[in-house]
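In what follows, a structure is listed as structure tokens, so that the remarks can point back to it.
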Amino acid sequence: MFAAYLMTAWAGGTIVAVVAGVVGFFVVLRGNAFFAHAVPHGAFAGAAGAVLIGVNPLVGLGVFAAGGAVGIVLLGRRARHDVVTALTLVTMLALGALFLSRSREYSAQVFALLFGQILGVSPDQLVTTGLLGVGCLALVALIVRPLLLASVSPALAASRGVPVTGVDLVFALVVAAATTVSVPMVGALLMFALLIGPPAAAQRLARTAGQGLVLSVALTLVTVWASIALAVTTDLPIGFFATAIGALLYGGAAGAARSRRGRVE
Amino acid sequence: MSEPSPRRDPDVVLRARGIAVRLGGVPVLDDVDLDVPPGAIVGLIGANGAGKTTLLRVLLGILRPHSGRVQRPDRRAGIGYVPQKIALDPHAPLRARDVVMLGLDGARLGIPLGRARLRGAVDDALTQVGATEFADARVGELSGGQQQRVLLAHAIVSRPALLLLDEPLASLDPVSARDVVVLLDELRRQSGVAIVVTAHDLTLLLPVLDRVAYLAGGRAAVGTPAEVVRDDVLSALYRRPMRVIEAAERTFVVADEGVTDA
Amino acid sequence: MLSAFFASPTVQTALVVGSVVAAVSGIVGVFTVTRGQSFAGHALADLGAVGGSGAFLLGISQLWGFVLAGVVSAVAMEAIGTRRLEGRDVATGVVFGAGMGLTALFLTLDTLIGGSSNAAISVLFGSLFSLDTRLVPVIVVLALVTLMIVAVIWRWVSLETLDRDLAAARGVPTRWASTLFLIALALAVQLSSLSIGAILSTALLIGPAATALLFTRRLGTAAALAAMTAVVQVGVGCLVSFVSYDWFGGSSWPVSFTIVAAVFLTYVGARAVCALRGFAHPTAVA
């Protein structure tokens, strides 16, 4: 399990987990579950397109993730958020289907992009992944207070002079970057489970935002490491384990929190 | 469409002139003027859809009107806003205390460091609104009335010159509503802050109101309660015969086709 | 060219099934959008995919896999609580994340066992041009069942969508109404998953409805408009896909893509028209 060739998997997985843990905390806090679902799907289309024209899939991932994320925020200013999200995500997926069909072969590479592959991050990509990850975290650190204020009440944040759309856009780009980092490993269709499951579990258990953030990263690390281990031993898609473990953590945390407080929701 | 800025008047905390707003082609506000003196409590009264929240958002500066100008206190932090509700889930790990702390530095960039010295101001604000006992609870789990107190503490912690509250009494029972009115009166007595409140029922606020802006059909009748809550003024405002009736310690505004509460 | 299009039996099947599915999706979609349940619709598509991919392992038709999984999920969702089906809800996200994980598992097994990736492709991206013609009557019947359910609960759901408490006060059995609606939603979504794939079925559900709702508030008018728009979009999509075979030397654009493209372009075009008509919205400063 710790063979040399798997070292990139462990390293990549750790970066993915830390970034997803931090970004996911805010995704859950802001109630952006659908958004976190949509951006990776859009990213997949970009990756499929990149594969088609022979470019590094990471580039395709990044461009489409950013484009989709920004598009949803801008279109959503004057319309129902959930409708805009649904349509944007489906359109990008359709583009992905188009690109897929062009390449005439159903490659394992594309399946891996959809459902994840432990060797999804190559040693060369590790550096880029690491840099993107650090960039994500830095951006989050920069806007953390306006982000929290906007999640309490966007109108309130606006009244304090916070450019709410600007904050939304920056956060959208952060999600896009987190997606680009995580999709090669966990898969486009399943990556959002990392952004939602373990962070949501952490929020149920934590008392303060600081605790929640730390716990979120910890639980996501556990999820990713366990998923890698299981995927290596069973040869089944890593994304499957990520979603399953994430769901278990969430269910466990929700149950524990409910019984601790001893009241019916 | 812009007019020269009204000259800064030290006797007025907030001044609005000629405010007009159209939403979806319909004039929601049409040439509204309003002055808020320091330490005054002003009520924006009207039915749902009459434009109270729209006017509030214009006064706050988060909605740009089609025409008209608003002169506000000098610093952006000079206005405290208390929205009607929060967008957080019950499970969000944000304590009441944390929300109030954001009232001091929520708009700043960067990693929050050295916040320990802000604790004193936060505790004071919580005490002033009577929220100390639930200061460490998750704000999403509090009742509506408790959340409102937390939002009020958030608004006053930076010592603003003006408070704007959006329908603070709307979902409260009469006892809790009275408590809020008493609290607002105390706040302005202690710190001299001016307060603007929107409501669709005048009754509970009447004892503490210094000024009323009664909104209907995009127009506003502005003045003291004695000047505005009258048959002739309201009839002109609604453009149909209206009567003010005092009965059983309540004030009713009645139109010929039916009854509307004041 | 057009005569060849209409003469082809594959196209004829596709048009019949596609139109039926489109009409149903458009009508159900209007309620879905006004109730804010787009996320739920998408979730039901993904959960249906669990059934669709599992069906291969069990050797039963994909259609039944989709439908069974969809209906079961709908009932479970209603049990958990409809309030939580908006896009904020984490629990929904986690549940259908788990569902998608299962889909991944089944599809991997399908590919391993079946030796080809056809299962994956048809589950994820649909098979409008490769439908088993024996299924057509079944699909039509299911579509009619869905429409019947919608017709029966129309009044209830209209009231309940506008104001839940008012509806309850008027004696509308709100629990039944919302459960039945979710089942209708599940059926509509699964039928469209079968045609254009689990990943894309949301397009037919949301797109035409959202477009129609830009122009009218009345549910009945919107439903009719959405249904007609959807049918046209499916037809255009089929046509473009068919015709594109000659554009690129023997490889056509997938029909699921052309349909979704039509849906998306219509919506964006409609938004542009509305913006040009210029409801002068005062600009929010923030």
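Think of it as A, B and C in the order they're written, each chain with its own count starting at 1.
Definition applied: a residue touches a chain if its C-beta (ideal position, glycine included) is under 8 Å from a C-beta of that chain, and two chains touch if they have at least 3 such contacts.
Bear in mind the structure is a predicted one, so any value in this text is a computation, not a measurement.
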By mean Cα position, the chain sitting nearest the middle: A
Highest-count interface - the chain pair sharing the most C-beta contacts: A-C
Most remote chain, CA-based centroid, reference being chain C: B
Whole-Å gap between the CA centroids of chain A and chain C: 25
Chain B and chain C: spacing of chain centres that average the CA atoms, whole Å: 44
Interchain centroid distance [CA atoms averaged], chain A/chain B, Å: 39
Shared-contact residues (touching 2 or more other chains) in chain A: 31, 154, 157-158, 162, 200
Sites on chain C at which at least two other chains make contact: 88, 90, 281, 284-286
Sequence positions of chain B contacting 2 or more other chains: 61-62, 89
Chain A-facing residues of chain C, complex: 33, 36, 38-39, 41-42, 86-95, 97-98, 100-105, 107-108, 111, 117, 120-121, 124-125, 197, 199-200, 202-203, 206-207, 210, 251, 253-254, 256-257, 259-261, 263-264, 267, 271, 281, 284-286
Chain A - residues contacting chain B, complex: 29, 31, 141-146, 148-149, 151-162, 200, 203-204, 206-209, 211-212, 257, 265
Touching residues on chain A, where the partner in the complex is chain C: 28, 31-37, 41, 75, 78-83, 85-87, 89-91, 93-95, 97-98, 100-102, 104, 106, 111, 114-116, 154, 157-158, 162-165, 187, 189-190, 192-193, 196-197, 200, 236-237, 239-244, 246-247, 250-251, 254
Touching residues (chain side chain B, partner chain A) in the complex: 57, 60-62, 76-77, 79, 81, 83, 85-95, 98-99, 102, 105-112, 136, 138-139, 151, 154, 164
